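Both of the next two complexes hold subunit A, though its partner changes from subunit B to subunit C.
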Partner chain A sequence: MTDAPTTDRWIRWLNTIQLVIAGIIILTPTAWMVMSSFKPSFEVTAYPPTLIFSPTIQNYIELTRTTPFFNYAINSMIVTVGSTSLGLLFGIPAAFAVSWTRISWPAILTLAARMAPGTLFLLPWYVMFRQVGLIGSYTALILSHAVITLPIVIWVLLPSFDSIPRSVFEAAQVDGCSVTRILWRIAIPLVGSGIAVSAILAFVFSWNYFLFALVLSNGDTKTLIAAAFNFVGEGSTQWGALMAAATLIALPPLLLAMLVQRWLVAGLTLGAVKG
Partner chain B sequence: MASISIRNLVKRYGNLTVIPDLNLEIADHEFVVFVGPSGCGKSTLLRIIAGLEPISAGELFIGDRRVNGVPASQRDIAMVFQDYALYPHMRVYDNMSFALELRGTPKAEIDMRVKRAAALLHIEPYLDRKPKELSGGQRQRVAMGRAIVRNPKAFLFDEPLSNLDAKLRGQVRAEIKALSQQLKTTMVFVTHDQIEAMTMADRIVVLQNGTVQQYDTPEAVYERPTNQFVAGFIGSPAMNFFPVELQGEQAVFAQDGSAAPIDAESSSRLRKSGKAVLGIRPEHFAVAGDAAAGATVTVKLVEPLGSDTLIHFDLAGAAAIARVEPSLRPKVGDRVTLRPQPAHIHLFEAESGTVLR
Partner chain C sequence: MPQATATLTPDRQRLELSALSAPAVIFTVGMIAFPVVYTIWLGFQSFSSTGKQSFVGLANYSKLLSDGEFWHGLWVTIALYVLSLVLQLVLGVWLALVLFHAKRLHGIVRSLFISPFMMPPVVAGMMWLVILDPSLGAANYILQSIGLPPSDWLASPSLVIPTIALVDTWQWTPYVALIVLGGLQSLPPSVYEAAQIDGASPFKTFQRITLPLLLPTIVTATILRSVDLLRFFDIIYITTQGGPGNASNTLNIYGFRVGFEFFNIGYASALMLTLTAIVFGAVLAFNRLRGAVAW
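Now for the complex of A and B:
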């Protein structure tokens, strides 16, 4: 028989081992990416990979010299902020409506849309946006990215709204609030951290989404992630520049997540326990 | 200020009918308490008045206005919820001023009304606090304050005392009653606690299965219950019921064979003889010296309460309680002769439970 403290110690060890394994799986490609971006071009694909090398920023210089990188960054920012805002604009009332009416099929529908492969949307969208002359516009990109952001906002906020006691909304009704006003004055202020979390997640997913921008953008509206694909050539791939681009692309979501780390965890568990 | 009139009201949830057909007139300025066991429809009825539940059929008037389908926000009523339902993100002041602000009341008047209500409820020191920084009793007061500032047509209370401890409950109960006398507004109060109903109400509505069993003053409900359900629900400890055989001017306890004389008025109610249920409140037993004057029982349990003593015993196959003088301290196993006071005997039809008059 094992006594309790020994079992506890074992569980702690197992937890640590799990975390280390997960960390290695998640961080190795990231570390590889960051290191490669500082390696001379020829060393990036060297086998076995070099761990000790003299770092250079040549890849970054090459990146900014050969591509309008900052324009792409601005495009990405416009599309991401636009689609996140759109997701919030419609997702917040939608999540509230689902929570309020307890009619859940619209939320499930958005989830199904999110689960469907992006390629499913591409052709209809391409045809539709071409019909209205929006191919290559920010509008097309923002609207298409709302497919990513809207379900995230709805599904992150749904448990937050559900966790507010019904009687609080009823008290507001009796006090003279319309449903719209309840949303605005009571519900939204009470799910602040949930909204922050949904906004960050929507931002990250939209920022990193590659497929729609690849097809629906043009040279002027191309997003970073689609532009980075340019470094993958048919004959040769510029791995160094690609890694430099990838590193820079990963920075904004990373900074955002670090800034609001505490909120993020609190918001993700929101609704799990009633306060 | 307004009367509330409920006419042929029906409430269904799908196939389930919770209120089959209800009529009720609540007068202006009246304090009415809905009381009944869990699931009797009292909270549903209150929520229907508030506009939080739709009506399946029938009519509801607040004052002269038919409010079927009128949203809660436009009924001009105030409600105090069981869990208080304060807005967690607002200070106490804002919780109280919110409804007035929605109605576009001038700031100076809002301030005046909030401060007046706060003074009335002794919550002035907490106006800048958030609800989570308050105790249960303080939150309860804020919830009442939020209702008071509105100056509404009617106040609705949904079991507002059930989350308070016993001492505080008694205190707030008295305060609500005092408040109702001060405010002179129509008040509807829902509770499952018959003591709250008895102490606060001008009139009590006793509900069971969505139907009104009796609607009368606390005294009438207590002294002249219309059926066995009301008789058993109102009063603590509850009224004792015994199966009896009516024979002329006396009721003979089934099994036991001892008889309780019935007073002239009661006996005139009972032209017929046969099986019935005799109801007698614990305080309406007299301890008789003469064994022939009542039923002799064996004491099962003694509960000295200080002000009086409760004796538990079995009679005619039913467990019963008698409330006797505190000086009388029988021991378990003692034989005591108890005589139901004829003037306080209630007789009910054995089958339907309807009072025999």
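Now for the complex of A and C:
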């Protein structure tokens, strides 16, 4: 006869061990990247790799000295903030209208962008933007990245708007409120946290997006992610600076994600999972 | 109140609601619908080196059928897709079960688990490029210190696809796990209690009860991952650009290079429309499957 509480404790131990192993596998590569970025340059490529070293910010100084890193960072900010704002500006009223009317085709239409390969849009955009001289402009980059942000905003906000009791709107209508007024005065304040989560997710995915900037940006408007491609080409021997760049590029999305981790999961699955 | 009703006729309300969704619809038609139609048209064109364009009918599509690089790209796409998907689903379900039994999830733990897929795939590529370096990377050092032979990883034509699958699995398994965890948390506890009373072993409970009930959630995770995996681009382009040789040249990488390195816009359009059809076909198929396993 086995003692039930003892078996229970064993199972819990076994589970904790598995959790720790998973945690180590998930964390180690990222930790290695951050560590390498603080190693003296001769030690980054040391073999066998070293674990103990005197940390230095030499690689970060080198990175900002040899590349226009700050310019790229500002470009990334302009494109990301621009496309997130555009996504919110178009997405909030659209999500509200879809939730109100239950006519879902506008939301599904924006989802097509989530499914088709980016190159499918990039080919005609390239031809179209070239004709109007917009290749390399912030306008082209912000418009293309808004294709990423708009479906995120709409699909994250839909369940939020859906959860507002219909009677709230009906009461306002009886008082003579127009639909637009209801959106501004009643609905938006009620889904504030949903808007914050959708804005952060839109920011993260726009910041992380690679393909469009690769083709639509030029030397002056290149985003960090597109510039990373050049860093890899030039940095084959400069691992320290390369890892410093990787760390800095990953920092904004990671910090933002930590901020809202609890609410992130439902948003990330575009409402596929409730809870 | 006659005034109020006068301003709130159903027509007026419908007009306002249309106006609210109009910006998003106009934007989407301008940036997605119209360009896709334009791509379909481009797929029937040929662009000469001087920039002259001519209508060639289905020539781009018949070229596709006889293009060895297309069939190779299709094979690479499918191999990478199946390998990554299976790894991520198996490990994702395992990780979800571990997280589920951990009872309370500390915020720090959750942050740790979302960190891989919140970082740019490009950064994940840069990071693994250094770790997997054949001569100086930490991965080979670990292999050698436990007595295994070093590997060429991304530089090996035969290993590049499994290696890229591993990198993507590192990045996206926690995402699959969080979706499955959501499914686990929504299962009614009564079914477990019944199984416990019947004296079912934990493995039997998982096999006979948990797994079948989880199937709809697993199919959802499959759809979300399929969409990304079939258009795999970022990690490959930053690490190998389709190499070594053409060993990791997926359809998406191939189409991109045909369009923007060789500027054969017509043929690239045909390639991308074919890939899009494959992605939408997979989504529709899995959507039907989800209907079949729903409970």
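The working rule: the second predicted complex is superposed on the first by the 213 of 275 C-alpha atoms of A that agree within 3 Å, B and C clash if a C-alpha of one lies under 4 Å from a C-alpha of the other, contacts with A are read in each partner's own complex, and residues count from 1 in each chain.
Assume contacts are C-beta pairs under 8 Å (C-beta built on N, C-alpha and C of every residue); 3 or more make two chains touch, one makes a residue touch a chain.
All figures in this text were calculated on a predicted structure; none of them were measured in a lab.
Of the two partner chains placed around the shared chain by superposition, neither subunit B nor subunit C is touched by A:Phe38. Judged by the touch definition given at the top, the superposed model places A:Phe69 against neither subunit B nor subunit C. Among subunit B and subunit C, the chain that touches a larger number of residues in subunit A is C.
Of the two partner chains, subunit B is the only one touched by A:Ala172; subunit C is not. Looking at the shared chain after the overlay, A:Ile186 reaches subunit B, while subunit C stays out of its contact range. Shared-chain residue A:Tyr60: touches no atom of subunit B or subunit C. Of the two partner chains placed by superposition, only subunit C is touched by A:Ala246; subunit B is not. Residues 173-176, 178 of subunit A lie at the contact with subunit B in one complex and at the contact with subunit C in the other. Interface residues of subunit B, counted against subunit A in their complex, comprise 50-52, 71-75, 77-79, 81-83, 85-89, 98-99, 102-103, 146, 150. Residues 1, 3-4, 7-8, 12-13, 16-21, 23-25, 27-29, 31-36, 38-39, 42, 94-95, 98-99, 101-102, 107, 109-116, 118-131, 135-136, 138, 141, 145, 170, 174-175, 178-179, 181-183, 185-186, 202, 217, 220, 223-224, 227, 230-231, 233-234, 237-239, 252, 255-256, 259-260, 265, 268-269, 272-273, 275-276, 279-280, 283 of subunit C touch subunit A in their complex. Here subunit A touches subunit B in the complex through residues 165, 167-168, 170-178, 181, 185-186, 189-190, going by the rule given at the top.
Of all residues in subunit A, those touching subunit C in their complex are 11-12, 15-16, 18-19, 22-23, 25-27, 29-30, 32-33, 36, 45, 47-49, 86, 89-91, 93-94, 96-98, 100-101, 106, 109-110, 112-128, 143-144, 146-147, 150, 154, 173-176, 178-180, 183, 204, 207-208, 210-211, 214-215, 225, 228-229, 231-232, 239, 242-243, 245-246, 249-250, 253-254, 256-258, 261-262, 264-266, 268-270, 272-275.
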